[in-house]
Amino acid sequence: MVSNKMWGGRFEGGPAKIMEEITPSIDFDKRLAEQDLAGSRAHTRMLAAQGIIAKEDADAILRGLDAIGQEIAEGKFIFKRALEDIHLNIEARLAEIAGPAAGRLHTARSRNDQVVTDFRMWIREACDRAEQGLRALQGALLAQAERHTTTVMPGFTHMQSAQPITFAHHCLAYVEMFTRDAGRFADGRKRLNECPLGAAALAGTSFPIDRDVTAKALGFARPMRNSLDAVSARDFALEYLAAAAIAATHLSRLAGELVQWCSPGFGFVRLSDAFTTGSSIMPQKRNPDAAELIRGKTGRVLGDFVALATGVKGLVLAYGSDLQEDKERVFDAADTLELSLAAMAAMIADLKANPDAMRAAATAGYPTATDLADWLVRALKKPFREAHHIAGSIVKRAEELKVDLDKLPLAEMQKIEPAITQDVIAILSLDASVASRMSYGGTAPDRVREQIVFWREKLK
Amino acid sequence: MVSNKMWGGRFEGGPAKIMEEITPSIDFDKRLAEQDLAGSRAHTRMLAAQGIIAKEDADAILRGLDAIGQEIAEGKFIFKRALEDIHLNIEARLAEIAGPAAGRLHTARSRNDQVVTDFRMWIREACDRAEQGLRALQGALLAQAERHTTTVMPGFTHMQSAQPITFAHHCLAYVEMFTRDAGRFADGRKRLNECPLGAAALAGTSFPIDRDVTAKALGFARPMRNSLDAVSARDFALEYLAAAAIAATHLSRLAGELVQWCSPGFGFVRLSDAFTTGSSIMPQKRNPDAAELIRGKTGRVLGDFVALATGVKGLVLAYGSDLQEDKERVFDAADTLELSLAAMAAMIADLKANPDAMRAAATAGYPTATDLADWLVRALKKPFREAHHIAGSIVKRAEELKVDLDKLPLAEMQKIEPAITQDVIAILSLDASVASRMSYGGTAPDRVREQIVFWREKLK
Amino acid sequence: MVSNKMWGGRFEGGPAKIMEEITPSIDFDKRLAEQDLAGSRAHTRMLAAQGIIAKEDADAILRGLDAIGQEIAEGKFIFKRALEDIHLNIEARLAEIAGPAAGRLHTARSRNDQVVTDFRMWIREACDRAEQGLRALQGALLAQAERHTTTVMPGFTHMQSAQPITFAHHCLAYVEMFTRDAGRFADGRKRLNECPLGAAALAGTSFPIDRDVTAKALGFARPMRNSLDAVSARDFALEYLAAAAIAATHLSRLAGELVQWCSPGFGFVRLSDAFTTGSSIMPQKRNPDAAELIRGKTGRVLGDFVALATGVKGLVLAYGSDLQEDKERVFDAADTLELSLAAMAAMIADLKANPDAMRAAATAGYPTATDLADWLVRALKKPFREAHHIAGSIVKRAEELKVDLDKLPLAEMQKIEPAITQDVIAILSLDASVASRMSYGGTAPDRVREQIVFWREKLK
Amino acid sequence: MVSNKMWGGRFEGGPAKIMEEITPSIDFDKRLAEQDLAGSRAHTRMLAAQGIIAKEDADAILRGLDAIGQEIAEGKFIFKRALEDIHLNIEARLAEIAGPAAGRLHTARSRNDQVVTDFRMWIREACDRAEQGLRALQGALLAQAERHTTTVMPGFTHMQSAQPITFAHHCLAYVEMFTRDAGRFADGRKRLNECPLGAAALAGTSFPIDRDVTAKALGFARPMRNSLDAVSARDFALEYLAAAAIAATHLSRLAGELVQWCSPGFGFVRLSDAFTTGSSIMPQKRNPDAAELIRGKTGRVLGDFVALATGVKGLVLAYGSDLQEDKERVFDAADTLELSLAAMAAMIADLKANPDAMRAAATAGYPTATDLADWLVRALKKPFREAHHIAGSIVKRAEELKVDLDKLPLAEMQKIEPAITQDVIAILSLDASVASRMSYGGTAPDRVREQIVFWREKLK
């Protein structure tokens, strides 16, 4: 057992069979291979520059690391469970390639600082990928918005038609949400970008290392200030998971809208065959599968956060193997998020809006009642609360007569409020309502076009 | 694309590339292969018996299913992502083996009832495995208890020494918890053991099927009473996950004790080399790795529950692809739980208690102060609250003099309560204290031995 | 400070101000008052019967407890934060009423076993209340089912119309789910119904108590077998929370349906004014507020489970104050669940189905395509997979011609499959489809009526 | 029913009794009173400035709002459940005070944008309070660090003694964690600080409002760019909850250390009487109650995040009453976090470290084995892996002879590695080990003092 050899000369027995099942992390942490090689290269170069190891040893190690990188890239590297994790797998292979020099690589380093350095680099890249994925999705939403600045649809509250809005306005609401999501990843990335390498097991090291050099070589802003914190903390992973979980709630909301919009009761959009699936028994089905899958995966990312938070919460300082769970949770969340973002961007790009169905739906439910109330305030100087009450009574009358508001005879309105004049009719149509919402951030096409310009510049 | 063919003749385009990433479930649902074959066999036999398909077609299908079972067992079956899931993989292969007859298998069945039938069978077996794993762990705990009925250790509350107990008593506390865990799996198994097969897509079928026959053939207690419920409900999976999450909290508590007991501040137990790991930089370490890993995995099972509950919560009836997440969560939780149970049972069997260290720890902190208070009640007829107050003052005096309670001179006690007599000293030793806790369920060795007898019988 | 007096004579300083904020639990655990009084009564009677305290002392205590019960019932009892919890509040008041005898109540008992006895009794009643609430809701659903055995609505999968079903069938699907929910509460109640009283602090007691007597007096099946387990375990609370969380997912699904059904795109049901709310700005709104509130509260119950599981998971034996969180989580979940059940039952009773809207929606999307495929199997002996493909092509043709399936000219069908005959038309209507689903558990009115009879008997 | 009047003239029936239970939010949202008044003042002034309402009406409203603020401050305001929420409570009272003018306040505003404006302001302040609480805690930790730069304690990994560190170093590790926590609140505060007021129900308004003015008046950086997003999004609340949950994991870790350090097996610190509690039955106990309570509350904050994320995840745009749950979750998390921070800061300030117990514990377990391995690398030029193996064998020999490493005879070491010289002994003491960890971030007192200087400046 190589791993026993790694642990030193004191162990007489070998790990029990069940330990071989529960201990190894190589099945998942091999995804850190690239980061691990980069970390070892930076560490080696620094050790040589500081005179801690000889230049020829450093060269042998660096050549060996390159060879291993090549083997992994070509799929030739053999990952062994007996060697537990990616770090020992690489180290053991390095010993075969580079000979005794390999034994000098682990000077002034521990697996504790090594693994967390790798992991921070991995999450740093995951943050970048998340930002790119969000940006691509925003691009798809913006493109739809550009097509539909005058496409009227119902704005819902409580799934009841509330006021007419435009489809462009609706798309841009999600652009806003995804921008904040991207901001969370950017903030988290900045906060985690400090280098733990050189913290060694937990106390630092007596070798005259230069942590600024390795931090810089690996793209970190600076070395971490406290070696104990460096190996113990996992809040950077939790922050990534929290940002992913929040982004997933936005994806879920949008996915839920797609599912609804594809439903026959709405029919607001149509996804192409490429983005719908059939049924094994019902030949007529066009199921918005991918949207449902995305929505279904939200809980998964939330579960990843819960899982790691629960684990971290129970640990005293410094390292405990409870933390080995961190990587699977983050890998799972990152895979889920990135796939969901890509699938959502593709669906948004693919969908065809159905303006007729949207408009038809927008007429139901007296959505311009607020416009009527506002007119009573503006034109008749009613206090809003009284105007609101009058408008409610007029809606009730329209409901009894089964007509839309702009089709209700003026005389009927005047029975309720004699001062109402013919002018009111003009403001009760869907288009008039939408056009009138000219306040900053409102749904009026002119306002929305301003935002489109803003976003086109910003997402360039 | 075979899957397009499965969906019928209406789709012109093929699924987009991203759909090939997000849609297939074969990577994980191949674990349902055995259940799927069993379900198809039962369905085929019933169809033939009811005259819905011809006997020769049924025979061809059954031979084909057997051949596929053989291929899977021998590792020769090729699982294809293009065929999405285990059901279509098997069906497509069946078509190759059995020819046109294969096309008759899906009569009066939908993927909706098929998949949930498979899944219920899988969880049923997972419940049985969980019960077995719990029983094995209880056996290991019982064996330790048998060895240590008179091994005195501190009973902690708030991690402060409270009253002396025996190690046997402590082990049996966990036996109790794991019994209730097993009860939850048994109850869940019973509740889920109703057969959804025959619910078809969601409405039932017009074919004259006999659901009692298939239910019985597959070991279910009865067919489910409502076809819509049959394909929509996932509370059986949630109940399994909840039971697993609760069991995991017990495993975590026990694992936490092992970690503490192995810590130098305690030294209560020693794990063999097989169950400890070393450090890459500190040669002297004996880390109770497996215990920490188990503790760290608790949150994972909880996260699985959160993930699925969140998904199910948002779904209207009947089926939505959100539910595709159910299997990965359950598989992950089952793997985690079963591995944790096995590792814990092995560690408990392996550990060697250190009675000297336990006893030494039990003397600290005046753990027989309650015995003193109880004596004041019994011998001097003091109300408990007054006795409690006197005992507190005596402990304070012992603390000032830096002596254990049973070493405090009688005169010192009498300064605080003159009526105290020499008799009190005898009840202030650890062994006397433990022996005196004779109430049912108490830590007195005689009481604990009764429980050992009870459990030995029960776990036979 | 009375609480200092309770702790005994050893504390010189008083708790800091912040401790007065964080420590007391009286604000929430006063809800255990009734259980605490019952527990104390049973304990007192047993102590007297066993000769541990004098009969006259017992009488004084019992009279005092009755007086306190009276004061609480009349709202005259003054709960004091300085006395921390309900147990010390009652004990201090008892000392005022009953004098020195009060000090004998706490003989052979600790707050540890006292509080958990109270809590088990409280949850036991909460299980009963949950079962009653579920039963009332089932009654409301059954009453709707009885009214609508022939009301056809679309059966959805993926929010796409899949096959026609009846509203009665849909209602009964939820009756099934809520039955399983009730089963979980019943199982949990049975499992928790063991009495911890007499476990004392954690080790049992040296007083000759009779735990069978107190267990029986308090309605428990038996005393718990292990005193350490008795004071440490909280899986009973977790099991209650898990059952509540699972039930909440069912409530959320049903609430989500109500929200959808009230939406103008559906219009399947109408809630009365009593169950809808208006808007402060849009006078026409009828928001299904209560349904949304119920749906929104699901996560809260799930959060309660997560909160307590996370806390319990990190605790070694026996008691730690981390467990003080248990009560607030359970009270919150119980209040939420009970209110949600009551509100849902009232809404279900209140709602008026709109059969016309349901039927209109059911005609969209070719929901009888499966019937066509099944007919091809039955009448033309096609293998199902081939039949399925033919049916898909016919749907496609109908879609092109913009007609429903039963309006598609026979000649068009025969172009795709020449063997199709006029007979097929009869099975393509909604009513024919529904009536044909005669398999056990299917949506055919006759089948559903059988289930109604079953449930009427069962819920009697 | 006043609330019916608010909804307008269309409702004939009153809400059912159960609705009165489930709908009102006044019991918790009265905490938004101050924010609501501020929002209304800013809105009123803007309306007047824009000429939308008359100056005298604005004055009447502003006087009324001031009067209400006064009433609330003096505890004279009567909150009514019949008026549902804080907004309607204030509005109804305003109508009583200001007469008809009050009816003009709600012009160009909806409850949707009003409530979310209030809520953002509240969370903004909660972020500030969290930062202050974290800073106070950091101050307490820094003060302890200043006292203990040469206090040696064991550095643990896996709860095994790994390498000696200083107590100052340990305290500063938490200072680092809490700084990142503060950073998360600061980032979240910045991201949420955009003003939704003026979004009205969801579409904006036709009144010529000036959103820049209200945003600025209320301390927001700018108005939100999309009215639909403004009323729908709750990621700001989720981000606060996530930051709180992550901070709570750090508090839990520190609390867990306090519980352990107070445990007799450690005895590293002593809390004063003010921060410990006694037991009702064991007079000698000094329970670190507050630390356990803090640890136990971690899950609660996590549960709050889960609860709201689950709710938000399921909602399509724009507002649904599911979101009413947001406030209770945030209030609960904020209360819990703030109380935990205050209690922890007080405990840290209160604790007295026990350097003797720490040093005694640090000698156990051969914690300078790494120093030995490092010496072999430096002095004998051994590759680290070989040095590590030799050190392991020497530890094993010391263990057999039951001596500490620096007491092992040189001859015994030389039997394993002949080249070892007398020089090695000097580096094997605890103080030498600690002093040698001079790498940046290491535990050497000089290094730690540099960090203390840094933090003293930073936390000034």
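Letters A, B, C and D name the chains as they come in the text, with residue numbers starting at 1 for each one.
We take it that a residue touches a chain if its C-beta (ideal position, glycine included) is under 8 Å from a C-beta of that chain, and two chains touch if they have at least 3 such contacts.
Bear in mind that the values here come from a model prediction, so they are computed numbers and not experimental data.
Novice: Fitting the CA atoms of chain C to chain D, what rotation angle results, rounded to the nearest 5 degrees?
Specialist: My answer is 180 degrees for the C-alpha fit.
Novice: Of the pairs A-B and A-D, which shows more C-beta pairs in contact?
Specialist: A-D
Novice: Once you find the CA centre of chain A and the CA centre of chain B, what distance in Å lies between them?
Specialist: 32
Novice: Using CA atom averages as chain centres, what separation in Å is found between chain A and chain D?
Specialist: 23
Novice: Counting only residues that touch at least 2 other chains, which ones in chain C make the list?
Specialist: Counting only residues that touch two or more other chains, chain C contributes 6-10, 106, 112, 156-159, 162-163, 200-201, 252, 256, 259-260, 278-284, 287, 289, 292, 295, 298-299, 302, 305-306, 309-310, 313-314, 320-321, 370, 388-389, 391-392, 395.
Novice: Can you check the complex and tell me which residues of chain D touch chain B?
Specialist: Of all residues in chain D, those touching chain B are 154, 156-163, 259-260, 262-266, 278-289, 292, 306, 309-310, 313-314, 361, 364-367, 369-370, 373, 388-389, 391-392, 395, 399.
Novice: Which positions of chain A touch chain B when the two form their complex?
Specialist: 6-16, 18-19, 21-23, 106, 109-112, 200-201, 252, 256, 259, 272-275, 277-284, 287, 289-290, 292-300, 302-311, 314, 320-325, 328-329, 339-340, 342-343, 346, 350
Novice: Where on chain B is chain C touching in the complex?
Specialist: 5-10, 95, 100-108, 112, 155-159, 162-165, 169-170, 172-177, 180-181, 183-184, 187, 191, 198-209, 211-212, 223-233, 235, 238-239, 242-243, 245-246, 248-250, 252-253, 256-257, 260, 298-299, 302, 305-306, 309-310, 312-321, 370-371, 374, 377-378, 382-386, 388-393, 395-396, 434, 436-444, 447, 451, 454
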